[in-house]
Amino acid sequence: MPLVIMAEPADGIASFVDLDHDRAARRGYPEAIFCAGKTPEQLALIATQVRDRPEVTLFTRAGKEQAAAVLSELPEAFHDHDAALLAWPPTPPDTDGGLVVVLAAGTSDLPVAREAQLTARYLGRPTELVVDVGVAGLHRVLRRLDLIRSARVVVVAAGMDGALPSVVAGLISAPVIAVPTSVGYGAAFEGLAALLAMLNACAPGVAVVNIDNGYGAGHLAAQIAAP
Amino acid sequence: MPLVIMAEPADGIASFVDLDHDRAARRGYPEAIFCAGKTPEQLALIATQVRDRPEVTLFTRAGKEQAAAVLSELPEAFHDHDAALLAWPPTPPDTDGGLVVVLAAGTSDLPVAREAQLTARYLGRPTELVVDVGVAGLHRVLRRLDLIRSARVVVVAAGMDGALPSVVAGLISAPVIAVPTSVGYGAAFEGLAALLAMLNACAPGVAVVNIDNGYGAGHLAAQIAAP
Amino acid sequence: MPLVIMAEPADGIASFVDLDHDRAARRGYPEAIFCAGKTPEQLALIATQVRDRPEVTLFTRAGKEQAAAVLSELPEAFHDHDAALLAWPPTPPDTDGGLVVVLAAGTSDLPVAREAQLTARYLGRPTELVVDVGVAGLHRVLRRLDLIRSARVVVVAAGMDGALPSVVAGLISAPVIAVPTSVGYGAAFEGLAALLAMLNACAPGVAVVNIDNGYGAGHLAAQIAAP
Amino acid sequence: MPLVIMAEPADGIASFVDLDHDRAARRGYPEAIFCAGKTPEQLALIATQVRDRPEVTLFTRAGKEQAAAVLSELPEAFHDHDAALLAWPPTPPDTDGGLVVVLAAGTSDLPVAREAQLTARYLGRPTELVVDVGVAGLHRVLRRLDLIRSARVVVVAAGMDGALPSVVAGLISAPVIAVPTSVGYGAAFEGLAALLAMLNACAPGVAVVNIDNGYGAGHLAAQIAAP
Amino acid sequence: MPLVIMAEPADGIASFVDLDHDRAARRGYPEAIFCAGKTPEQLALIATQVRDRPEVTLFTRAGKEQAAAVLSELPEAFHDHDAALLAWPPTPPDTDGGLVVVLAAGTSDLPVAREAQLTARYLGRPTELVVDVGVAGLHRVLRRLDLIRSARVVVVAAGMDGALPSVVAGLISAPVIAVPTSVGYGAAFEGLAALLAMLNACAPGVAVVNIDNGYGAGHLAAQIAAP
Amino acid sequence: MPLVIMAEPADGIASFVDLDHDRAARRGYPEAIFCAGKTPEQLALIATQVRDRPEVTLFTRAGKEQAAAVLSELPEAFHDHDAALLAWPPTPPDTDGGLVVVLAAGTSDLPVAREAQLTARYLGRPTELVVDVGVAGLHRVLRRLDLIRSARVVVVAAGMDGALPSVVAGLISAPVIAVPTSVGYGAAFEGLAALLAMLNACAPGVAVVNIDNGYGAGHLAAQIAAP
Amino acid sequence: MPLVIMAEPADGIASFVDLDHDRAARRGYPEAIFCAGKTPEQLALIATQVRDRPEVTLFTRAGKEQAAAVLSELPEAFHDHDAALLAWPPTPPDTDGGLVVVLAAGTSDLPVAREAQLTARYLGRPTELVVDVGVAGLHRVLRRLDLIRSARVVVVAAGMDGALPSVVAGLISAPVIAVPTSVGYGAAFEGLAALLAMLNACAPGVAVVNIDNGYGAGHLAAQIAAP
Amino acid sequence: MPLVIMAEPADGIASFVDLDHDRAARRGYPEAIFCAGKTPEQLALIATQVRDRPEVTLFTRAGKEQAAAVLSELPEAFHDHDAALLAWPPTPPDTDGGLVVVLAAGTSDLPVAREAQLTARYLGRPTELVVDVGVAGLHRVLRRLDLIRSARVVVVAAGMDGALPSVVAGLISAPVIAVPTSVGYGAAFEGLAALLAMLNACAPGVAVVNIDNGYGAGHLAAQIAAP
C-alpha cells in the first residue's frame, strides 16, 4: 500500500511515492520521474525501485546532485548532462513508427531540443536533431527542408520571438510541436514572448507545450508518430 | 499579379488578397479564410474567386453579416451558425485516416468544439463529438471512455479551470489537443486560466492551441490523424 | 507598552513586536509567527517571550537559520523540517471537531500539504494526509474516496494545472480548500496557473488560499471543522 | 442517453445538455444552471425539464432575455433582478444549519452579495445581509459586530481595495469567504486588485472565490454552515 | 495666449488647444492631430485654425463622426477611410529622401500599414505598400525581395505571432520598423503577443513602435529615410 | 437605522445606503457619491436626502442618465459635463489654504484634470488649470513655471508615457500628485503604462493615485494644501 | 565639466557622475545617492566629493559592501543597517514643519518604514514611528489614534493585502502616503497585490509611491509637512 | 557541413554552431555572439574559428568566466568589462556615416548605454556618449542640446519611468532609439515600466528595442546612420 497516511506529527516526512507501476500497460508509455522537486534521498529510493523493471524509466530535470543520486544506484544508466536527463535501462528500445525531427532555433535552445529528442527516442521513435536554424537566417532552415519534410512530426524549440514554428508549419504538411524556451533578453519574460507567439502561429498545425518542456514535446511527438 | 502596390495615396484601399491558390498542393490541406477582420465586400469577392475551385475552402469566424456576404455568392455553401463556419463545396470529402473525437467540457464550450469537429471533418477525417463531460462530473467522461479510447487523437474544448485535458490524457494513449475557451467568471480572464492550466497539464501528451481556436485544433487533429 | 516609538535616528532598530497575547482569547485560535521576514535575533527574542505560555505558538516558514534560533531558546519544540514549521509546546492539543483530510497531488506538493496538516492538527483537529493522488492517475484518488468522503473539510495542495480540487469537489459534499503550489515548468508562473485554475474550479465548493500557503489552508480547515 | 454524438455536419447544433439529475443525491446540493453562455432556447428547454423536479434548481447570471426565457416556462419561479438569479420551486426550503451572514462593502457590491445570500438560502441555510460596511468607515462594521460574531460563516463581497475580509477575519473566530467584485477605478483591473488583496489577507481564515462569483460564495457558505 | 487657465468652475470646458504652430520649424516635421480623444466640436475648431497654413496637418484615428467634423470645415481634405486618416492640404509634398517600403502580413493588418504609408508619404518620402506577405507563405515575401531590398527603411505591420519582422530583418541591411497590430485570437491579447515577439526579434535591426501605431511607424520611417 | 438586513428572499433589493452623514465632521471633508455603479433611482433618492444639508456633496462619474436623475431632484446643482461631476449646493465654499495648480498633459487628459480641479475647489482650495503642457513640447511647461512654482501642490494628469510628473517634480519644491489617464494606443493598456511610469518617477516627490481618478487627486490636493 | 563624453572605446568606463550640486538650492531638498546600481569605487568617489558640503546627503539602498565604501571615506557618517541608509553629515537638521507619523503594518515592513522615517527626519521634519499595527488587530491601530491624528501627514508601510492605508485614511483628515512592501506569500507578487490595493483605497486621501520605496515616501512626507 | 544531426543518444552534445560566415556579406554587418547562453568551451571554440577573419566579431553579454574563455584564445581582443562586450579584431574600423549620440539617463544605465555605443562604433559609426541627463534635472540635457542635435540618430538608455526619450524626441528632428533598462524599484518590474512608457512616447520618432538590449540599439543606430 504505497500511499502515505500520517495521522500525527512526526520528525520527518517519509515521502514514499505511489509509483505508477502499471502506467506503461495502461497508457502505453513508460514513466518519467520529474527530479526538480525531489531530494537526492527520494531519487535514490526511486532508482532502487525501478532497477529490475524491464520497461524504460526516464529521470528528467536532474541537476548535478540529483543525477549523482540516481547514478549511485544505477551506475550504468544513460545520462545526458545538457538535457539533464537519465534513462534506465540505458539502451533505447528498437525504433518503431514515424520519424521525429527536432529543430533548435539557436544553440541556447539545444538543451530543451535534446531533451525532446531523447524522450522521443526512448519512447521508441527514430529521431533527428538539427541545430541553429533560426528565422534570422532563412537559408539554413530551407537547406534542411528535405529532412524536415520526411518527418511524421517536427518538434521546434525556440526562444526569443518564437517565430520558427510558424515558418516551418507553413512549409510542411506534418504537425509541428512548438516548445518555447526561456532564452532571451528582458522582454522575453522567461519564455512568455515565445509562448504567446507560438500560440498565435499564423500557420495552422502548431501544437504548443509548456516553456522549456522538452520532455513533454518529445512525449507528444512519440504519440503522434506512433505506428 | 495579386499583390497590392500603392505608390500614391488614393481614396480607398483596393485590398485584393494574394489567395494562396497552390496551398492545398504544397501543404496538403485546403485554405481557410479568417472572416473576423474582413469586410462583407472583401468576403463576397473571395467567395466569387473560390466558386469554381474543387478543393474545400473554409470560412471561419463568420459573423451574421459576414456569413450573409459569403452566402450571397455561394448560396449552396454549408453554414453552421453556432460554429460561425461555412464550407464550400458543401459536401465534405470522403473520410480517411484515424478517428477524431472532440469533447466539450460544458454546453458553453460547444461552439468551439463544433468548429474543431467540422474543420477536421472537412479536412477528411471521421469525427465524433461528445458534450458536457466536465470534470465536475467524472462519471460522464468515464461512461464514454470506450469511444474516447478508439480515437487516433482527442480534441478537448474547456473553459474555466481547463482541467479536462489532464484527466483525459491520463486515461488514454492517444495525443490530446487542448483548446481553452473564453468561458468563465472574472479570474478566467477570457480563457487565460484555462490556457495556463492546459500548458501545465500534469499528464504528458497534451498539445495546446490558442484560446477559442477550434479551427486550429481541428486542423491539427486532421494532420495527426492523417492516414 | 510594546509598541515602538522612535523619535530620533539610532544606530539600530529595537524591533520589539507587539505580540498579540490575547488573540487566542479573542479569536479562539493560537498565534503564528511568520519567520520568513525576521532575523534570528528577533526570533530568539520571541521564543523567549512565549516559553511560558500554555497555548500553542506556531513558527511558520522557518528556514534553517531561523529554526535554529527558535530551537536555541526552545530546544524541546516540535520541528518539521519539510514543512519548515515549529510548534511550542511540542505536544499538540487533544483532537476535537471534524476530520481534516489533506491531499497532495504530487510529491513536490508535500511540504505545503504537510504545513496544512500540522497547522490543523495543532489547532486541535484530527487530520489525515494522502500523497500522490494527481488527476493524471484518477484511480489513485478514487481508491481513497471513502476516506475523503469521511472528512468535514478537505485540503488539496496542487501545482501545475491545479486540476485536483475541481475533481475532488465534484465527488464529495464537504467544502474543499485549494492551495496552489509553486510547482511546475515555466508557464506555471510560480503557481499562478494553479491559482487561476482553482479560482475557476468548475465544481462549486472550492475555497482558494494564497500560493504555497499551507498554514492558511490548515487554519481555515480548523475553523471550518470546528466543533 | 443524454449525451450528444454528432458524426456528420448538420445545419444547427442540437445541444441537449446532460442534466446531472442525480447530483443532489450524490453531492447533497441542488443543481445550478449558469445562464451566461446559453441561448434563450436552451434555457427554455432546461426549464421544461426541471418543472416537475422537487429539489431546488437555481438559474444564475440570467440577463433580461434569459430570465424571460426561464419565466416563460416557469412563470411562478422566484426571480431577483439585481442578483440575476431565478429559483424553482420558488419557495426556499426550511432553514437548517448555522447562520450565514453576508456583508457588502459598498452599494455597488450588493448584486454579488445578494446572489451569495440567495444561494445560501435556497441551499437551506438561515441568512442575513448587511450593506455598506466598507473599511473607510470602520464604525459601521463595528456597530454590527454582534450579528457578525453570531455567524457560522461570513461572506464578504468587496471591490476596490478588497480590505474588508482582512478586517472582519481579525475580529471573529468563524471562517470568512471573500468574494472580490469587479467594482472600481482603472487599476482595480476588473476585480484583480481586490482578488489579490484577499488572497493576501493578513488575518488567517479567509477563503477566496472567483471575482463576482456570488453563487460560488453562497454555495461554499452553505457547505461550511451545514448541520 | 493659447493656454487655458480656469480659476472658477464653469458649466463647460472651453478646451482651446495650444496648437504647436512652430513645431514644423523646430522639429522639421508637420503636426498631427490625434482625433480619438476629441469631440467633433474640438476638431472642427482645429480644422478652422489650420485652414490657411501651408504646411501639412494630419488628422489620425478619425472615426466616422470625427472625419465628418474635419471635412465640414475642410471639404477638400484628403481622407482615407481605412486608415482613418485625413490630410490638409490634400496634395502630398514632392518626394525627397529614401524609399519607404511598407509590408502588411495579412489583409487585416492593412489599415495600420496604410496609415504608416500615408504618414510617410505626407512627410515627403516615396513609398510602396505590399500586402499579404505573412511568414506562413514564405514564397510571397521572397518574391518581393528586390523591392524590399531597395528600401532605405522597411515598415512591417503584423499581428498574431509577429514573426514577419524577424524574417525580413534577416534578409536585408536596412532597418526594419515593426508595428504590432491587434489582430488575432484570444492569446494574441490585443497585440501583446506580436509586440513581445517583435521586441525579441532574433535578427538585430528591428525598431518597435506601439500596437496599431501606423502613424508612429510612418513618422519614424520618414525620419530615418530623410535626405 | 439605515443598514439593510434581509432575512428572506424578496422580489427586489431595497438598497438604502448608509449615508455617512457625520463624515464631514469626523474627517473634515464632505461626502462624495460615486455614481458609476448606481441606478438612477438610487441617485434620485440620495439627492433627496442631501437636499437640505449645508455641507457640500459631490456626485462623481455621473453619466448622462445619472446626472439627469440627480438634477431631477436638485435642478440648481452645479454640473460639469466633461468632468461628469455635480455639486450641491452649487456655489463652492470660500477659498482657504494653498493654491492647487492642475496640469493636463494633453487635451484628452482634460476631463480627469477638470474633475481634480473642481474637487479641490469644492473642498475649499483656490485652483488653476493649465492644459496641453506635455513633455513633447517642453517650452510650454517651462513658459508656465512661475505659476506652477507658486502652488502648494501640483496635480498632473497625463496618459501615454506618463512622463510629465517626473519633469515637473524636478523643477519645483512642492509635492506633485500624478494621475495616470487611460489615454493612449494599445500598449498604454488603459493607463497602466502611465501608472507604472509615475510610480517610477525619477524625481522624488511624486504621489500617485488610481487611473483616471481625478476626484481622488483633487481630494488629496485639498488635504495637502489645507490651511 | 562633469559630463562624460567618450568618443573611442576604452578599457574601462570612467563613470564620473554629474552631481547635482545646486539641487538643494533649486528644489529646496538635499540630494540622495541611490547606491543599488553603483560600485564601491563609484560610491567612495562620491563620498569624497560630498565630504565638505554643509547640506545633507543621503545614501539609500546601501548594501553591506556599499555602506563600507561610503564609511571608508566618511567614517563618522550616520548608518542605519536595517534601513540600508547612510547620512552625511551625521546629525540631522533641526526640526521644522508638521509632524510625520510613520506606521509599519508588520515587523517585516519595518526596514521600509524606517527608511521613510529617517528620510523625513533628515529633511528636517519631526517624526514618530509606530510598529505592528496591521488591520488583523484593529485594536492596535485604534489605541494609537491620538498620535496618528496629531500628524500633518501619515506614512503607512504595508505588504500582503495593503489594507492599512484605507483604514487609516478613513479615520483621519490628514493625507496618507501608502508604501507597498514586497512582503508576503506567492500571490503578493513582490508587492504588486499591496500596490494595487493601495491605488484602489476606498477612502480618499491616499497617495501611493513605488514598492519598498521608503525614501520616496519620506521625501514626499517632508514636502507635504513643510512649514 | 556545420549542422548537427544526432540520430542516437550520446554522452554529451557536440554543439557545433553553424556560424553565419557570409552574414557580413549578405546583410552588410558583422556577426555577434550572444554569450549569455553559452559555455566557456563553446565560446573558446568560436573564438578559435573567428581568429583569422578580417571582419569584426562582437561577443556580447560576456560574464567574467565567458570573457576569460574568449580572451584565452584571443588575448589581444578588446574587452569592456562594464558593457560585458569583447570585439575582435580589437581596433574598430574607420568611421563612416552619421554621428550616433548615446545618452544614459543615470549612472546605472551606463552599462547598457556603453554596449550600444561600442556596438555602433565597431559597426563603423562615429559615436559620443553623454551620461546622467535624466529628466529630473532638465538643465543637464538642455545643456547638451547642440551635441544631441548634431546626431543622425540618438540612442537613449533609461530605466525607472523611461521618460527621457519623449523629452529628447520632442527637441530634435533625428530619430530616437529608446532602450529601457532594468533599473529601478519594485514597480519598475525589471524594465517593464520603462518599456511601456517608451512604447507610449508622446512625441513621434521613438523606436523601442528590448530591455537592456544595448547591442540591438547600437546595431539599429548603425543601420540608421549608415552612409
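Order of writing sets the labels: A, B, C, D, E, F, G and H. Residues in every chain begin at 1.
In the analysis below, a residue touches a chain if its C-beta (ideal position, glycine included) is under 8 Å from a C-beta of that chain, and two chains touch if they have at least 3 such contacts.
Bear in mind the structure is a predicted one, so any value in this text is a computation, not a measurement.
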item: Intersection of the contact lists for chain B and chain G; value: C, D
item: Chain F and chain B - chains in contact with each; value: D, E
item: Longest centre-to-centre distance from chain D, chain (CA-based); value: H
item: Recurring contact interface, reference E-F, options A-B, B-D or E-H [over half identical by residue number]; value: B-D
item: Longest centre-to-centre distance from chain C, chain (CA-based); value: E
item: Fitted rotation between chain B and its twin chain D in degrees, CA, nearest 5; value: 90
item: Shared interface numbering between chain H and chain E [over half = same, under half = different]; value: same
item: Rounded Å distance between chain C and chain F, as computed from the means of their C-alpha atoms; value: 43
item: Chain D and chain E: spacing of chain centres that average the CA atoms, whole Å; value: 48
item: Mean-CA-position distance for chain E and chain B (Å); value: 34
item: Multi-partner residues of chain E (at least 2 other chains); value: 106, 137, 170, 184-185, 187-188, 192, 195, 199-200, 210-211, 216
item: Set of all touching chain pairs, with the criterion as stated earlier; value: A-B, A-C, A-E, A-H, B-C, B-D, B-E, C-D, C-G, D-F, D-G, E-F, E-H, F-G, F-H, G-H
item: Chain C residues touching chain A - in the complex, by the definition given at the top; value: 78-83, 87, 92, 106-108, 110, 114, 117-118, 121-122, 126-133, 137, 140, 143-144, 147, 183-188
item: Residue ranges of chain H in contact with chain E within the complex; value: 27-29, 32, 153, 170, 172-175, 177, 195, 199-200, 204-211, 215-216, 219-220, 223-224, 226
item: List of chain H residues in touch with chain F within their complex; value: 105-106, 134-138, 159-163, 166-167, 169-171, 184-185, 187-189, 192-194, 196-203
item: Partner chain E, residues of chain B touching it in the complex; value: 2-13, 15-18, 20, 23, 34, 36-38, 42, 180, 182, 190-192, 195, 210-213, 216
